[in-house]
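A, B and C are the chain letters, set down in written order, and residue numbers restart from 1 in every chain.
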Amino acid sequence: MSEVALLAQRSVVRTLRQPAMVVPSLVFPLLLLSINTSGLETATHLPGFPTNSYFQFALAIPFIQGALFSANSAGTNVASDIESGFLNRLALTPLRRVSLMLGQLTGILALGLIQALTFVVVGLAFGDGIAAGPAGVVVLVLLSLTISLAFGAIGAFVALRAGNGEAVQGTFPLFFAALFLSSMSLPRDLIETDWFRTVATWNPVSYMLEGIRSLVIEGWDAEALALGFACAGGIALIAVAAAGSALRTRMVRT
Amino acid sequence: MSRGSFFSVARAVAWRNIHNWATNPALVIPGVLFPMFFFTAFAGGLSRIDNVPGFDYGAGYTTFVYGFVLLQAATFGGVFSSFSIARDFESGFSRRLMLGAANRGGIVAGYWIAALVRALTNIGVITVVALLVGLEVHGSGIDIVGLYTLAFLMNAFALLFGTGVAMRLRTMQAGPAIQTPAFLLLFLAPVWVPYDLLTGWVQAAASVNPLTLVLEAGRGFLAGDPTKVLPAFAVVALLVSVSVLWARGGLRSAERVA
Amino acid sequence: MSDAAIETQGLVREFKKGPRAVDGIDLRVEPGEVYGFLGPNGAGKSTTVHMLTTLLPPSAGRAWVAGHDIVEDGAAVRATIGAALQDAALDPYLTGREHMKLQTALHGMRGAEARERSDALLQRVGLVQAADRRVGGYSGGMKRRLDLALALVHRPRILFLDEPTTGLDPQSRSALWEEVQRLAADRGVTVFLTTQYLEEADVLADRVGIIDRGHIVAEGTPEELKAEIGRPSVEAIPRDPDQLAYTKQVLARFGESVTGSPKGASVRLSGGDAQLAEVVRALDAANIEIQELQLHAPTLDDVFLAKTGRSLEGEAEREVAAA
């Protein structure tokens, strides 16, 4: 088995063996989706609201919330390896750093795939379907994986930089803020409060939500998809590069 | 021989908890930040909801959301304070308290005082932020006293409920067991829109959720239009009474293994 | 290129805003030797090990492990060494067998070879029964044994053990000692062992280097080092505790006072063990009834005391008290 496959396997196995990490990342977003849908269905009566179903509108949110849990899980796992000295053990083998990085990221993507498929199934079962059809589902999963990778790599970067789990937990409120200060609850053009609308417009999470939403509600919206992938992909690239650099510093070997 | 009374024990336990909380940013910051996020996200992001037909709350959407966030801060303040009890059991520190305190009821009282101080701080910060972003308070002085009394009673209920769970489970595994019911109690209620505008199963849940009464009474105080005051206080008094018994049972359970 | 198993010349490691953790260490370990690196906490033992295992670059000086320069040829060093460091460094969510599978694969072993090697090592460290349980449920002793097995996967010629028995019960400690002795005797593995336990260094090491505040203050076989001090100490515990001060006074003329039991008086005999009879006569003449009289041979702690003015065991007690 190649180094990457070996470490990817370990990453996936240890994630799946922590139900306390996996189950909330699936259950909580779905519970909130259900509550929000019932609570805010009347928002669809606002002039200009893009759909008659708040469920369809809100379906994009669990994909982002799931990615936040991925960030927490990835960061916690990396921090645990550092604190326990397991990273030093790996450093003493012929293992290449890039393999370790790729293996770690594979674990993030595995959890992200489980989340994405779960939310798609729920969306199809309880909603009005995905407007973009089967091909749209594939694109939706790809976008969701890119988002998971972006946040997961940020979590790994924080852990590698700080070397402990408390720092990872400390970033959770920041991720929360990023989600809340976006077009999470209403479309951007229906946000009345000026400063909030400005923040949401600058917030890349808004575009990730809108990219997913466009596939669910409208079908194929090239601009929304391009912006969604650009934001998620851009953050993923930067975060992976930062994590790689932090790994070079953390796993220093002569 | 110990001469500690109920009050001296309560004071000592309260001091320790307040000191630990105040000197640990990891404990202070979430209690303040989370309600603030909710407030800014919903008051800012959902402000157009007051244009929805049937939304007739006179004091505006910001005040409507503040009513919920206040109760959320108070309730979760009690919940987070009860985590420190679970932590004390897990670390073994509770054994020191149980052995050293002449009056063990004072231990629970001490935790409650600390919870009150935390809640006061969190609520204070959130209220200042709310005022800065346009909170309109139409209620009189008595209405405001009524509002904050409800909030602090909810804080006490949450703390006592969490205490009972923590003292029975005696590990940090109590965390989810405390947090989940509190979360459901808060969110299966008219959070973003009034009760009449809720739909589906959440409306059904809200119709039996005691917090719905408390929330509506609180929002009534803010709007200067007190509503369902007696039922709300009756419900909260009942919740606090039951939770006192629950906490006492937890203490007895913990004493059997101390 | 050095023919020693491990050789250092003026090895230094500085950290920002702190004293030098390692301040110019010269040492040489021959192939097949068990070298004990003894010193209190904070002396620089682990920092030295981290440098020699290529996990930390030195600030100055040079070192060679298995003939390879630790800075210029790190990969070659890592291929020839095994290390069980201070943390057991295990993943609590993997089983013992899965750890072995990962380690063998990372060292390029495949299929039957990897399986056989895993089984053999698990057998050797007594973890066959527990192999399929997650490591999170292992005791401290079991974790240490698995750690050692993982360090041996690729048959290293040189093994670094950083405080391997800290926190273990006496039984687990003995088991680990036996394994180290077997490795050195049967397989000719060079073992570089750091420890703060005198007995461990005494029992296991062919040679001992004593490190304090980043410097090696003494080096030699345990017998050589103790012989340098040469002189035994005598401890007298009076039957009547009120006579303790008087007992100390009587013994004071036979040598300098040393740390012993709080109930007794202890001195290092300036004239060696031949003075024992004089001590007994002096105590008798002073009408001091003695409950217990013991003659102690010099220990490595006495060596440390002689070289640094401090007791190694006293350092450990002070750290426990401070904690």
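The rule is simple: a residue touches a chain if its C-beta (ideal position, glycine included) is under 8 Å from a C-beta of that chain, and two chains touch if they have at least 3 such contacts.
Computed from a prediction, not measured in an experiment: that's the story for all the values here.
Visitor: If you take the mean of the Cα atoms for each chain, which one ends up farthest from chain B?
Guide: Result for max centroid distance from chain B is chain C.
Visitor: Which chain is the middle one, judged by CA centres?
Guide: A
Visitor: So, what's the distance in Å between the C-alpha centres of chain C and chain A?
Guide: A distance of 48 Å separates the two centres.
Visitor: Based only on mean CA positions, could you tell me how far chain B sits from chain C in angstrom?
Guide: Centres of chain B and chain C (C-alpha means) sit 54 Å apart.
Visitor: Roughly how far is chain A from chain B, going centre to centre by Cα mean, in whole Å?
Guide: That pair's centroid distance is 31 Å.
Visitor: Can you list the residues of chain A that touch 2 or more other chains?
Guide: Nothing qualifies.
Visitor: Where on chain C does chain A make contact in their complex?
Guide: 53-57, 70-72, 74-75, 77-79, 81-83, 85-94, 98, 102-103, 105-108, 134, 150
Visitor: Going by the contact rule set out above, which residues of chain A touch chain C in the complex?
Guide: 1, 3, 6, 10, 13-14, 17-18, 80-81, 84-86, 88-95, 252-254
Visitor: Once bound in the complex, which stretches of chain A touch chain B?
Guide: Spelled out, the residues of chain A in touch with chain B are 32, 34-35, 37-43, 45-46, 166, 169-170, 173, 176-177, 180-181, 183-186, 190-193, 195-196, 200.
Visitor: State the interface residues of chain B toward chain A in the complex, per the touch definition above.
Guide: So the residues of chain B touching chain A come out as 26, 29-30, 33-34, 37-38, 40-49, 51-55, 187-188, 190-193, 197-203.
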